[in-house]
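Every chain is named by a letter (A, B, C and D) in the order it is written, and numbering of its residues begins at 1.
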């Protein structure tokens, strides 16, 4: 078992002929991801790393029956490409690009809701079911199979924490980045529900950030979870009212603040780590 | 039992303060329809025939819990009014107006699909569950309770046929006009399925017209129906290629022609009447 | 409402579609001048019916004198019952390949559909089904970029032409939506020197949406008589029989014509007096029917939104004011039936209760009229 | 990107919203002239922060001399750290009632939301929750007419004002969509002589959508240093400590600052070198960090889309070309880690494997630097 993707998932890479698409296709193939086809409008007919390239998603799906997609498409073209994947019935659709226009992201989410697809991102490192498959950009050496499900907003921060889990002998089921943008497809709650149901996941790590209320919403769901949840929230030192990069980390009068998130999570029964490297010991303790 | 509406249906009348709205509200109340409220933007607070009027559907629903709506709203405002009813969870939504822009009708149908509402019309006389309730404009004296379900495109033609059924002692369960426009919400097939399931309906009359392929599609479904279907198709005498009014009756090279419809229906096992007054005897024979 | 080719092309040009330069001409002299300006031209009859090419409505001209001659031959020509009053002189294209692309309303799917084919240049109905590509478009999303690219692939285009084609389809979609079109069609969509060009164009706009398109020209296919009745807000088509018919609702009107024909009569018109018509327009329509001098008149009303008393009022008014010299048969049932029948009886007009009786009677009376 | 009030109002005016006449003034003389033209005016500081009224940034003037005086008082004023460089002189309104209406993005619902209240004129955050009306808007449908009317009802409007209000909300929606807004806000939406007027306006446009809005002016809140780094495509905010930080990813950058603070250090900046940055921009950003003369620099890279070899290449280049005189602590793991570490070691730069070690070390070194 695994969450959302596994070794049988047939992956399409949209934007496969660009630098990032090419580089990460190679890495995904190395990891064992079953990349069956790629797309690049106007470049159909070539191959990238041995993967056949098509002009459209429909052509690729017709030939190779892909069922999930990862996009290495520049932000202005994400809306069309993501809708193309959704319309073709692919799910999940992983949107790596940052700087996707907010209105485009809202439309993609609306289209995905209508068609019943899961969109991961935008502005995500992707998803990895450890030792089985990887859709996105995380380094291949970080994840190791085991009983911990990880969901995070930020990529590098979750590699950081997953790395410390792995070094403590705590492998992962599935690790997913929901994306750093204000509007993203998959939310913390969606993913917590999936981990709660997954028989292989025995504990869950949630890596949040200041800004927004996604962590507070997650806390509401954590109240009814049977599995232990360990959280870490970044941004404790951020000065109030300053905006920190694309994370949209605006602290407004307590809502979305470090304190409000930590309080909500603790009240919900989650363990909250003060520092990134405290996560692994807390998980180890929770698993007994 | 009845199809789509019955004596418990709480009806909202949109556009109740106009001439048609006022006149037909009176007729519906006379028939026994449970008209609980009306709307007319900017005129909230008045009463029409003792029915309280509100500015918005939401206000009316909040106060009176309506669950279906009939619109007496001019064509240019139908799209917004129908979407208002659909958004408020009302179903069916009966659109009487003719000359509704085609693109507006397509959008209303799309919105209804998304929200799971049934739209009857545009350009319909409405729906009547005989002796129980009426949403729309058919004359009160035509329908009588009994075992025959009737679905038609045109209003007056179906009154004609229903009248002859009633005079032959063949009452009706529900009588519905799907509307004379090219794009309508409820289709023949939708309604045939409902009649097939309805325990009180023992035979079905379908009144079609030349143009379009709705009757041919209905024939496909009739093949699997257990209840007898008697059809009448208008337009046999229409000269090819002439357009007859809003019915969109263009005969194009056999598709949608009188002959193709009659052939499809007969092949599906339906009885096809040659003249309107032959319908009742055929139904009587079918019911044994 | 159908637009003439030159009007449709003006709309397409404004939307950024590739349309060849052309001039509308009403005389051979204007065609000559247009050719002097444009070089070699195609001189094309401007009519609202298809198949004008095969019927001789398009001629090629290499020089101004030839253009003048071609225009002289085409202007005044009868094309399927329409007299050609204008020609469109358009720059000649050396076409390498012809595609078809159109956007229409799919009544079954209740949404728009793009229809396209690598085999353009002829009636799309004549293209074998397997050579036709259909793509439904979901509303309110509209045609998305990837759908246009997928269509390009399915008609076998690649590279630069595929990208041009996708652009054409996206712009046609914009026209379809922005103009409330029932149909927008480019046939052929021609490949000319490696570029796509809209060689012919059709644009049919939804009559019911014209109120929000003051920017569009108005084109009528109606006869003068049809226009007079339609101005009253009623649906009217002239036919070639001798029994005038007025009924309320397209279905019952069609049914009435069917029944008249069944009894051996020949209807003179289709007049759907519609739902909820007040006495005024009904009276005016009846007056026009009287003026067309039918052998007999049948008014068939089964009142729903139409009130019988309003119809009776209209009949009485016309009878008193202008008189009705030919036999008049009325069938009147439905809303406010009693009031209506009482008014007619007071005026000496008999109202039947059934369509069968009324139709039989009017055919009988028309036969007597012909006999007389 | 936040627009100044006068810019936001220009956009609203173009969209057909009721905006009072006004003039942008850079000098007291210009304000005097504006008042001569407009009559009694409000002289309003143009700054990107809220609460300027309470801070003395708005003054009323009945005549040109008073306008001059007001502008002189406001221009150059410090408002929450921003120097006022422009005032907007706007026709005075005699306000009878103040409403609030704004459209923003609801991150939880993942769609736009209209927020409105009968209690306008103050911070919407100070209005009690029960006096606030929220209406989510489904995409791609957008705000429908009936929703605007329902909002009017919920804020207690009826008759002509309700209909004006619905028109205002529909037009604000059009601005929100057409301009890729994160927020469009009118507060107060004032009733003036029985008509609605946009007395103040805010428009924040999504930075990531600016590429498709060449028609909009560009406004930057960044310091000169911030602008220099952001031009490289990197996210950068100046803070008030002495340890320069560069990391990749907003989360790990925030986490790095937290950890530095935890060990008793004070970060000097937030620099998210982002995903997939090539050596070029990374080197330039590092060079700028060096120029800010921190006590120490921490580079914390956990490479995913970022390749460790590219980061190492950038460090080596800056070290060789301009030199790095302060202590540099590097933490480098992830994609192409071995190649990166080898490059750094060859240059004598030690790369740590854990964030904990690196953070401890940089705080230690910065302390030594301060001690020195």
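Basically, a contact is a pair of C-beta atoms (placed from the backbone, for glycine too) under 8 Å apart; a residue touches a chain by one contact, two chains touch by 3 or more.
Just so it is clear, the structure is predicted and the values come from calculations on it, not from any experiment.
Trainee: Look at the interfaces B-C and B-D and say which one is made up of more C-beta pairs in contact.
Mentor: B-C
Trainee: Taking each chain's centre as the mean of its CA atoms, how far is subunit B from subunit D in angstrom?
Mentor: 55
Trainee: So how far apart, in whole Å, are subunit B and subunit C when each is placed at the average of its C-alpha atoms?
Mentor: 26
Trainee: So what's the Cα centroid distance for subunit A and subunit B, whole Å?
Mentor: Centre-to-centre distance between subunit A and subunit B: 49 Å.
Trainee: Among the residues of subunit D, which ones contact at least 2 other chains?
Mentor: Where subunit D meets two or more other chains at a single residue, that happens at 140-141.
Trainee: Testing understanding: with touching defined as stated, what is the shape of the graph linking the protein chains, line, ring, star, complete or other?
Mentor: Other.
Trainee: Can you give me every chain pair that touches, using the contact definition above?
Mentor: Chains touch in the following pairs: A-C, A-D, B-C, B-D, C-D.
Trainee: What part of subunit A is in contact with subunit D in the complex they form?
Mentor: 20, 24, 27, 75-76, 96, 98-104, 106-107, 109-110, 125, 137-142, 152-160, 163, 180, 182-185, 207, 209-210, 212-214, 217, 232, 234-239, 242-247, 249, 252-253, 274-277
Trainee: Using the touch definition up top, name the residues of subunit C that touch subunit D in the complex.
Mentor: Subunit C residues touching subunit D: 140-141.
Trainee: Would you tell me which residues of subunit D are touching subunit A in their complex?
Mentor: Against subunit A, subunit D makes touches at 105, 107-108, 110-112, 125, 138-140, 177, 180, 182, 206-209, 211-212, 235-237, 239, 247-255, 257-262, 267, 270, 272, 274-276, 301-306, 333-335, 337, 354-356.
Trainee: Applying the document's contact rule, which stretches of subunit C touch subunit A when the two form their complex?
Mentor: The touching residues are 141, 144-147, 149-150, 152-153, 158-159, 162-163.
Trainee: Report the residues of subunit B in contact with subunit D in the complex, numbered from low to high.
Mentor: Per the touch definition, subunit B meets subunit D at residues 41-42, 44, 55-59, 80-81, 83-84, 87, 111.
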